[in-house]
Amino acid sequence: MALTLSGRSAPSAKRDTTLRIVAPVAVGVLVLGVWQFLVSVVGVSDYLLPSPAAIVEQFVEFFPSMVSATMITGLNALLGLVIGSILGILLAALAAGWRPIDQMSAPIVASLAVIPIVALAPVLNSMFGADSQFGRQAIAGLASFVPVFINTLRGFRQTLPVHRDLMKVYAASSGQIVRTVTLPTAVPFVFTGIRIASSLAVISALVAEYFGGPRGGLGGLISTSAASSAYPRAWAYVLASIALGLIFFLATLALERLATRGRQRT
Amino acid sequence: MTQLPETPVAPTRTVDAVTVTGVDKTFDTRSGQVDALTGIDLTVSAGEFISLIGPSGCGKSTLMRLIADLDQPTAGTVTVFGKSAKQARLDQDYGIAFQQAGLLPWRTVAANVGLPLELHGASGRDRTARVGELLDMVGLSDFADRYPDQLSGGMQQRVAIARALAEKPDLLLMDEPFGALDEMTRERMQTELLRICAETGAAVVFVTHSIPEAVYLSDRVVVMSPRPGRIQEIVPMGLNRDPAHAEALREERAFFDGVTAVREALHTGSPVPTGARGVENR
Amino acid sequence: MTQLPETPVAPTRTVDAVTVTGVDKTFDTRSGQVDALTGIDLTVSAGEFISLIGPSGCGKSTLMRLIADLDQPTAGTVTVFGKSAKQARLDQDYGIAFQQAGLLPWRTVAANVGLPLELHGASGRDRTARVGELLDMVGLSDFADRYPDQLSGGMQQRVAIARALAEKPDLLLMDEPFGALDEMTRERMQTELLRICAETGAAVVFVTHSIPEAVYLSDRVVVMSPRPGRIQEIVPMGLNRDPAHAEALREERAFFDGVTAVREALHTGSPVPTGARGVENR
Amino acid sequence: MTAETLAPAIRRRRGAPARELARWAYGVLGILVLAAAWELYKLLGPSDGVVIGDARILPRTTDLAMPHTWDMIARLFDPVTRSATANPLWLEVALAALVTLGIAAVGWLVGIVVGFALALIMQRWRLAEWGLLPWIILSQTVPLIAFAPVVRSWGSRIEIGAFEWQDWMSVAVIASYLAFFPIAVGALKGLQSPDTIHTELMRTYGVGWWKTLVKLRIPASIPYLLPALRLGAANAVIGAVVAEVSTGMQGGIGRILIQYAGQASGDPSKAWGPIFGSIVLGLAAAGSVAILGAILRNYRRVEINA
Amino acid sequence: SGPADSGTGSNTGGGDDELTEVKLQLQWLPQGQFAGYFAALDQGYFEEEGLDVEIIPSGGDIVPQDALANGDVDYAIAWVPKVLGSIEAGANVTNIAQIFQRSGTLQVSWADSGIESVADFEGKKIGSWGFGNEWEIFAAMAEEGLDSSTVEIITQDFNMNAFLQGDIDAAQAMTYNEYAQLLETVDPDTGELYTEDDFNVISYEDTVGAMLQDAIWADSEKLENDEDYQDTTVSFLKAVIKGWIFAAENPEDAAEITLAEGSGWGPSHELWMVNETNKLIWPAENGIGFIDQAAFERTVAGALSAVNESGAALITEEPPAGVWTNDYIQQALDALEEEGVDVTGENFEPIEVTLNEGGQ
């Protein structure tokens, strides 16, 4: 079965599409069922691991606060993602155009790629002030910057030699080359970078809330709820943050698909 | 294939299309110098079809790139229609097609064909008209709004040829344009190329690996030998290239003789390991 | 090319190598059913060399995959040396080679050739000996410790052929094995393949797009036509395939006649768009 | 993760020594330029930063917010505290970094085992891939901090004979949670990477899934696995640091990170020590995978950018 | 001289198997705030009582009462209001000793800010650490009719930079820690350290919002059913009391001990912390750790009235009856008094501590 790579039949093609949706849902339901079973029947203490039912109940009860918290954190993540992506693309363009910039930025980008957000959050908070959301946006921006930069730079280097030759043949100006070949080639890579960055932006914006600033975001409420042992509520906020992450992921995935529409697989 | 609206043009220029004189090309690589070409002399008349053939690495592509001014010779000169290669490139005196069609995947067929016109500032109206003409010529009018990945390899190659013809060049440079196609499609494309050349009167420098292809298409076949790349022999073909006759040609005695002549010229340059081989040249 | 230590083996099996009877193959795709093959009947005798030729999509690869038991027919039967295709696969009765050499890039040439032996538990000693023999046969003894990326395309293809021969199969299946090579290398490989076949006495089913290649190599050329894939005609070749004569053959009248015959058979199946075409069959 | 666009295979070239040297020189220059920009902005920028509307788009330049680079460096060589037995800051940071590195390594190994096992299951059964992959992707949107206490609490109940759950194990588990993800995705991509031609070849040899796995899929996965392992190593370090902060484990860099952050009002330069430490730590972890790559270079004859 | 020589955590019995193993969960990193426990360990008081105590520090997300409720540890140090929330969520824990008799929480603003009382918070940016440390603020604000819609609550970092840089108008600060951080910071205008005169200080102890802080919590169920645990509890409390008495009498030594246990503060800051912590404990009218019913009820009342920014109340109903007990602390106090130990600290005198820059 793993080795048959030949074509699949039409009914099975339809079945595949169904299974692709059913399978993950089934896994989810199964896990939730076992979880609920452990808590409500086997009697695993629901103190630390609340039952799914309790979480949903809290989610509903605190729905307005869920929404507002998701908006606050989501906005931070979004602004961070946008700022980080723009910076990443601009710097990548510079680095692609001028090799020394690339080599000079290498150690800095490598460092940014491995630095834990928790390490930078307190420092950035002092630098940008704890009274605004900007520190968090800056953190989400930094986290987004790295994958966008790396992927964009790679994208700028993907121009096919045959396309370069073609442009030379047409005696195209460097502006024309960038517009007609370099940029369109890089676009799918840029969007791949943005997709990878989107999850990072959300997580970073969330974690940054643990280190000070205005309250009301998801991160802060998760910790506040957990600190008073309101675990079902804490997990309800976690649920909201998963939903937020998912929205970001799906939105950027859709963007990526849009950008690569009608492209040849090379 | 629809008939081209314009009447076929006879070659108007009297000056030679390409003149290559004493050209050497050496590449500096990490592992030392590579002599890709030495002492190349070649003249291509206006409207003439010549093929470059030879084993891999003999410098066919390099020679074509020198003519296209995509590389500069280490020694010697290349002139195109009496100008320097660079000037000819800037004047868009030639069109070019490569082994990979090299279409821009994010552009439709029409936008790909119109690319050179767009880059050189042709007005939208003129462009649409010319692109329509060109797509007619290569028989792809129905595919104008498709993207390259929706086309077969042969169709893509036809788009590339249309693009090369966009600015009505008097010289076409083609580097194994049919290399990736299957035999039958290839034969069809060859016939079409001959028709197009007859219609436009352009000179062609055609790189290929296939002896029958070279023989079928060319006025003269330039046989090259490697290490360092030299011209082994130039084999003139005396075939009747009347389009009406094109298909029958492939089964004629003269065609097979041409094949044999080119084969023997090739084998003189690089010895065949086993079996008897002909040493006579035509 | 070194001489093979063993003496050439005459085909020992008396049973036919391949028998295909009334085979249909239909693919279900999203856009509906595709009839890849219909009513295929074909027998390949032991030691016989047959080529499958035909336009792209006519089902050549599909037919070969059915023989190799990489796919199952929708109707009809395929037997290989009198057994079911599956049994023949499990018994390693055939060797196979594809258009891409398909070598494992992380294995040396020797380890690639030895792969099937290794998988079937041959002892290290036996393996080394057999790999040495095979590399001798394809003339790559000096490259045993190289990696595939250090070889030219032709050399890679020779390694793939050596690998296909590793278990001394009585049947070789080859799907456009020389498709990616340049003309000169290709001719050389063809000559070598003939020699190897003569040495091992294996039957060969050879898929190709090149008419001269099919004519040069085969005892019989199976010409296929597309939509749905059928056997158009089986053209027998009566050429003198004595290895000493191999090279001269390409320039003989009989060879060109064979080419013409196959061309015409091909064009009967799929009409040629322009020009006159022969309708006579041999 | 879907159709990750892979760059065409490229051959790794070893640069000439001079070029290599230039690369390093430019790298150092880059750091110096960054430091110079920091100082220049600190000199010229307004002390309350550049504020447009409500947003401070450039940071404050006070010593509290932006200590001098030389102060940060100098602070590394001062003792941690004035107590007589105190180590210099860099040593304290280095010791803590080593502790964290050890834990991250354990987490990384666990992540490799789990990630690879998942990839195998998903490769073997298409249904498993469809059922699990979305959840694996989703798992990375769960904030780590949410379940650090749960892990610690569950762990503390594990006591089998002489084996007792240690705090650092909770940290390692959380580190592995971040590390397994790229490895699972990369390994899956790698295991699925062999061309049809190769899998069919194995089929013509009449061998089953296991032999195909050992002889074909695993070797073929290595070019995909190496970048995944590198990402996994960096993630393991990040996870370990976060988990140390979260569970309050002693001895590691996460602990001194919050401790020194707490002292930043009186000693702003000190807080940068563990930041530098964690960068070095992450680079070391990611760099050590490069050694693995060198050992396995014969398996990377086709280079993949993942 | 003591088991502390081999450090915490590692001395699990070491052959001396008569000792009862006890785990104590702190609510933060090791520091002077917990000097009494570390002193009891260092001075061998636990050992004298037949206990082998492991002190477990905590970090950002470890909730001590949860660790206790889950059976991870035997005793936990935690603030009363936070535990009240946990109890309502189902934690079965009992306050057995109210070590801090007074609240040490301050709201610090600049001297010229005009924030003199909780009522002045209106429309201001008020700092708090979150993690359940904000309930005193919400309770005090509730009394003044303020809530998160009229006061902007901002989460503070681990340090006072947000306040020093003017991001927040009034910062939450513990007398023993953050307030000291302010006093060890150089005023960029004068080049000298800030002094107490530079700040307005509101002490929650003086407001209705005051809540009980560091208390020792035990597992209610075991307390009820497990006699060994009851005995251990009394022994444990005895040793803890002795530890705190040691810290009161020898603040310098106590500071040394916590520094050796891994407190990362500078020496002067550590000493300040021990000294200020002592002030929150001593004098203890009814003996250290004795729970004052009135104070407890006031905490409960505050917790009932406080509503945070997500609209959630800390607790919605009175905690169950068994939430605190003086039984065990009383036994421990009595036993010690019999030995002639002063457990009220009648004569307690804090020392004067001079803070150095950066707490050094």
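A, B, C, D and E label the chains in the order they appear, each numbered from 1.
Just so we're on the same page, a contact is a pair of C-beta atoms (placed from the backbone, for glycine too) under 8 Å apart; a residue touches a chain by one contact, two chains touch by 3 or more.
Here is each chain with its UniProt name: A, D = ABC transporter permease subunit.
Quick caveat: nothing in here was measured; it's all calculated off a predicted structure.
Participant: Show which chains lie in contact with chain A and also with chain E.
Facilitator: D
Participant: Of all chains present, which has the mean Cα position farthest from that of chain B?
Facilitator: Result for max centroid distance from chain B is chain E.
Participant: Looking at C-D and A-D, which one has the bigger number of contacting C-beta pairs?
Facilitator: So, comparing the two chain pairs, more contacts are at A-D.
Participant: From the C-alpha centre of chain A to that of chain D, how far is it in Å?
Facilitator: The mean C-alpha positions of chain A and chain D differ by 17 Å.
Participant: Please tell me the distance, in whole Å, between the geometric centres of chain B and chain E computed from their C-alpha atoms.
Facilitator: One centre to the other, that is 87 Å.
Participant: Take the average of all CA coordinates in chain A, do the same for chain B, and state the distance between these two points in whole angstrom.
Facilitator: Spacing between the chain centres: roughly 49 Å.
Participant: Could you work out how far the Cα centre of chain D sits from that of chain E, in whole Å?
Facilitator: 36
Participant: Pull out every residue in chain B that's touching 2 or more other chains.
Facilitator: none
Participant: For chain E, give me the residues that contact two or more of the other chains.
Facilitator: As it turns out, chain E has residues touching two or more other chains at 60-61, 63, 66, 70, 157-159, 161, 165.
Participant: At least two partner chains per residue is the criterion; list those residues in chain A.
Facilitator: 48, 122, 126, 129, 132, 210-211, 223, 226, 265
Participant: State the interface residues of chain E toward chain D in the complex, per the touch definition above.
Facilitator: Chain E reaches chain D through residues 28-29, 57-63, 66-67, 70-72, 157-161, 164-165, 181-182, 184-185, 188, 259, 262, 264-267, 269, 356-360.
Participant: What residues of chain A sit close enough to touch chain D in their complex?
Facilitator: 1-3, 5, 19-20, 23-24, 26-28, 48-49, 100, 103-108, 110-111, 113-120, 122-124, 126-129, 132, 134, 154, 157-158, 188-189, 192, 199, 202-203, 206-207, 210-211, 219, 222-223, 226, 234-235, 238, 241-242, 244-246, 249, 253, 260, 265-266
Participant: Please output the residues of chain B touching chain C within their complex, sorted ascending.
Facilitator: Contacts found on chain B: 1, 53, 55-56, 182-185, 187-188, 191-192, 195, 209-212, 243-248, 250-251, 256, 260, 263, 266, 270, 272-278.
Participant: Would you tell me which residues of chain E are touching chain A in their complex?
Facilitator: Going by the criterion above, the answer is residues 60-61, 63, 65-66, 69-70, 82, 85-86, 89-91, 125, 127, 130-132, 134, 148, 152-159, 161-162, 165, 167-168, 308-312, 314.
Participant: What part of chain B is in contact with chain A in the complex they form?
Facilitator: By the definition above, chain B touches chain A via 65, 68-70, 89-90, 92, 94, 96, 98, 100, 102, 104-106, 115-116, 119-120, 147-149.
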